[in-house]
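Which chain is which? They are A, B, C, D and E, in the order written, and residues in each are numbered from 1.
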């Protein structure tokens, strides 16, 4: 049997090897090079980069703007990831059961995801308009004077999180599909043991979906840290007072606006490292769950 | 029983209603407005927009750039989605089985996803460098003179697809998790009926994962049509000769760069409609599979 | 109807697509009674249990528990414990977790829950499996976990869907005795599905014979066995089943009457009135079954002691016990 | 060892974590033989089947088919058909799809595959379920689909893990006969697990009694029944099981010898040497079981005809059949 | 479509920025160039803003394919020039038979002498900060129209008089380039040493501080400019277009949009002068640069010659967007055409002698960005004036000394 396995393994590796080479050559190597750039004075323009040792690192440690940016990103992840997860999981579970009108509701939840990022940001520019925007109008109905959303660091961050609470269609659909893959018989058993809807959620759905949920959390963390950049860029572009100067925006500005290519490389290396740490922590947390074994 | 159900439904709707209102108010209404703008001469900042009827539509139908853009997007989706899906599904299935070294390989496959979009684009600028880039160097080993990747429309499109073939970690992990959720007993039954690895893939894995795969396809289509814009923007920004002027890039340019707000609204409406059609088509295809019922 | 858990089914009907699983069923189960459902595969036994538990909604008819229509009571508020035919164990929990699940739901403290789970597990011989997950157990072990889980529930109705099917004979015997003792002790109304003749005969106060979603006969087991209401029941209960001979055949009688005689009521007797040839001798250890054929082609099954002393091909004579010959209307199949 | 499908197990061992499921098992199954595995729940029966099929790899020992070690043959190249204890039907396919799956894998044309599937389905009475999915079928229906699927395979070895457990008595009887006929016709080597005494006695050329992963006895069913090799086998086979009385008790004998007598070998006889009181009368319809207690506290089970005419509390005298008293070594439990 | 054609060997790539009207002008010019030079194929690649331009240029250079010709603002070209990424234009201009240095406004040329002598790029325009005003509102309020030499007090008085009924007197974006001319007019300085700046001097120099305070007071004390929420709801430009803003401060770039106004009369005036100060404004200029490190620049230079020549400059002047740097065109009806508003286009030319520039160091654009962010905070009263200005100076100081490659 060993030989058979070995043979099958070989075939598998034969499929995997080209990809491994490609990753090594096209991603790992350049990424290393990128790390290398972090210790040069490369500007992305013409000169051959010169090695400058830890100069960039020293500057990074003293860089107050980077600190702002890290703070903005951290707050953003801490707010947006739970909100997005809660929305995706909550809606996914609520809408997994067939109910009249459920189909339309599912479409409605998915819809904002189809709106191009840029368009979404444009929509929100209008939604958040302090005088005519519907958000302040609604607040007005409750007697609240409304906010100048994009002027105050807190409300600006909240506004970005609010905007990103809508394009959650992917997570939503994943939860929907995963929930439907669970064996209905287990729910019947739990029901007969006196487990109401909330008990079922707590004792069956969440534990059984744990791997999927962690996956979503990891994904959303990465997405939020790194990718959800276009809408924020368009909506606030770092304003006010760098409250929404998320790390990717900062990196983009450094590398492309201010010829800080080397510095950009340094920060993105750090960002990658931070992402890796966060993701590893999440995954380690999960290894304790049996379902992922 | 009807009343009980009705009661439970009520609770569910009570949870859903606020979200429904929020979607209506913050996304649907503005989106409708956006559609409305498509028939005005709004530029985003100028006077009260005037209704201009079908002028924008006429302009759109005559717009050579848009045609280029649609063509670029279509080619891109047609190339990138299959490549990304194949990579994600293939690697996910190959690496789902426990095998020595598999853990490291899984990490390696996920890694490129952690690289920030902007950084990835920068890496690929170097990878594709016609003189020093590793890609041409490797081609050189095989006696090929190499390409000036970003200068030729065809190779530029291929280059973007190549770049996007790496950040597939999410799809990969979803396939991995879904494959592991399948009942091993079914594979044992199939094996005993004489089904080899490929037969199992064809007759069990793919049909059973069909909903997940379609989901991934839908997601990737949307992602590729609308979101994977940052890396392409950075890498090529539409060059050469609009070969990579994907629709979101064009909309971005129109709405933010050339003050064609109304026109941008029109195109993004069209893009949304196209996305919706593609997604609906995919979903209709799937309704025939029982597993999604 | 004094105790808790009296169940009344009133013209209960459940249809899946084009299949009518339960078809206008009426049944009264007294509080504290143990009743057995038997019937061919697909006759709606599991469906009846699901309807009582509230897992499915009847298309027509009502389920009354203690006289009250429970249509408005959601399943998790019905005090019902069920053993599912396919166990339905929680795959993410160990055996212990499976057993304590319901207790924890009902806020029994962890230590107390564990203690009770251990007691139940010991009773069923699965105490050393408590840290295994369901996919690390054998079929019979899983079934015992499922049974123990239900027994921990203390409901007003037990619904057991073939709770002993995967157990080996000695264990099944022991568990059957356990169930009976428990029922005597607690007096909980129990509805129980089985394919096992011995269980059907011993484990219920009454037995209900179902056929295609309809009740064919209800009564104490021995009575149903001794006086089957129709040829269906006669052919279904008893293994090997009753010999049914259209009237006027080897067993005599009138043409419009079908005569039935159980294999154990046919004795090998050199003076017997019925002449036959042995075709097969099935030695079952504790007894033997002879398949015989009469000259007119009628096959008769005969049950004898372990070593009947005949071999295939031997001519034998059979004597039906005259008190034990059943008469059925040939046209309707009903007893007369 | 002339035909195809002779199986030889050589000191086969399989351990799951701390559980030894199969423990140094040796067994020879002749080509074309039908052999029955019985044993308590968790004794390793399913595991043996999985090892033969190649679904698990043994920790030690070998599986030889037709004399060749099959360790290097992957399961899909072993010509083996299996019925799983939990059916393992493909949930995404209809019954028809499940039946034709293997045929389609082996490139049988669709029309031909459908035809053969229909024939097999008719034989097992599931022809009208062919367009249902597994979750739309009752337990017995699913099991029949699983069985039909295996029968369509035409392998050199059948491995059947309790293939009839969920069927009702008449259906089980019919299917048992079908299986026997099929086996006579095809002569395919069959290894068969069952909990049913009647099946164990009738459905195999030989029966293998397993206990905690070890073989306790192998032999023709009647021989194993009549001459159990040890007290374990004596107590396991037969329902109700053999009365085992430590030596020097009611049944007489020496202190180091345990005497055994089967319930059917204890006759009610006013002159009988053993005095006892009836405690329980279990009427099973076709027979009755008396649970009696002797003055020294020994409990003896007695099997009688359907209407024994005694009631709980009656004093009775019992006569053991002297030819049928088994003697076992009290210390080792082995027959002597 | 249009200017983008498939690359071929004899083509050049031109990257530039501008809004729709400007880009239309560039397209016309490119078409004319190609008409005149059939052997050169121009691949015009427009982007909208300066930010996008920077991203585009960085990726092009990093990808090993810098454009042949690109348009750069003088406040940005420092970071390119410092890296030697630009092929200096001086020697080409000296050898040119088509262009002469004396054809162009000297202040503008000076802005593109990176080391003070050699010309790096050729500036195509010389815009400056000016005041656009709604003449009808002035008339209605009975306020005299602004005229050359008017003072800050006149400006404030007018703004006050115009501010009423949800209307505001003036609109200005709170940024360093908008603030700078006021500082200079009050004889202040933005930085300690314009040649080698190490810090901003908004608080330490009393003249500068006075100008800063005057600028901030427009919002914080006099409330003649739209407050935060109003500005976010509707930009000053949109407000002016709607006829709801008296004065709007911007450069020539606004003209194409303002020309769509048909509901009222508008015109342009120079910036007001500080009491006792000097007239001053700030240069806005974009120049054609050639990417360094390309095998030959002949076609690129031919394109620049055409664009900077009379024909090219005229075409662009007609778009309304630019104030031509070529003096003969600037003084011709192509630019001054009284039929095309604003009537007083001469204001831009009259400002030329008073134009000043911000420092041209590699990190200036970064300083400008970060300082602008905080200035906005102070201007809209989100943080206190003293606190904000202190932080502004403190936070921007390290940026002046950034190592190369570390952004800025």
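Keep this in mind: contacts are C-beta pairs under 8 Å (C-beta built on N, C-alpha and C of every residue); 3 or more make two chains touch, one makes a residue touch a chain.
Just so we're clear, the structure is a prediction, and the values are computed from it rather than from any experiment.
Engineer: Taking each chain's centre as the mean of its C-alpha atoms, give the chain farthest from chain C.
Structural biologist: Checked the centroid distances; the maximum from chain C is E.
Engineer: Relative to chain D, which chain has the most distant C-alpha mean position?
Structural biologist: E
Engineer: Tell me, please, which two chains come out on top when C-beta pairs in contact are counted per chain pair.
Structural biologist: Result of the pairwise contact count: A-B comes out on top.
Engineer: What is the distance in Å between the mean C-alpha positions of chain A and chain E?
Structural biologist: One centre to the other, that is 38 Å.
Engineer: Between chain A and chain D, what's the gap in Å when you average each chain's C-alpha atoms?
Structural biologist: Result: the chain centres lie 57 Å from each other.
Engineer: Can you compute the centre-to-centre distance for chain C and chain E, using the mean CA position of each chain? Integer Å is fine.
Structural biologist: Using C-alpha averages as centres, the distance is 93 Å.
Engineer: Where does chain C touch two or more other chains at once, residue-wise?
Structural biologist: As it turns out, chain C has residues touching two or more other chains at 74, 86.
Engineer: Two or more other chains in contact with one residue: find those residues in chain B.
Structural biologist: 8, 122, 126, 234, 256
Engineer: Would you please write down the residue numbers of chain E that are in contact with two or more other chains?
Structural biologist: In chain E, the residues touching two or more other chains are 55, 59, 62.
Engineer: Any idea which chain B residues touch chain E in the complex?
Structural biologist: 43, 45-48, 63-65, 67-68, 121-122, 125-126, 128-132, 148, 150-153, 234-235, 237-242, 253, 256-260
Engineer: Going by the contact rule at the top, pick out the chain E residues touching chain A in the complex.
Structural biologist: 51, 54-55, 58-59, 61-62, 66, 79-80, 83-85, 228-230, 232-234, 292-293, 362-363, 365-366, 369-370, 373-374, 376-377, 380, 382-383, 395, 398, 402-408
Engineer: What residues of chain C sit close enough to touch chain D in their complex?
Structural biologist: Counting only chain C, the residues touching chain D are 16-17, 38-42, 45-46, 85-86, 136-141, 144, 161-162, 165-173, 195-198, 201-202, 221-222, 225-226, 235-241, 262-264, 282-287, 303, 305-306.
Engineer: Help me check something: in the complex, which residues belonging to chain C touch chain A?
Structural biologist: Chain C reaches chain A through residues 53, 55, 74-78, 80-82, 84, 86, 88-92, 101-102, 104-106, 133, 149, 153.
Engineer: Under the definition above, what is the set of chain B residues touching chain D in their complex?
Structural biologist: 183, 185-186, 188-196, 199, 203-204, 207-208, 289-291
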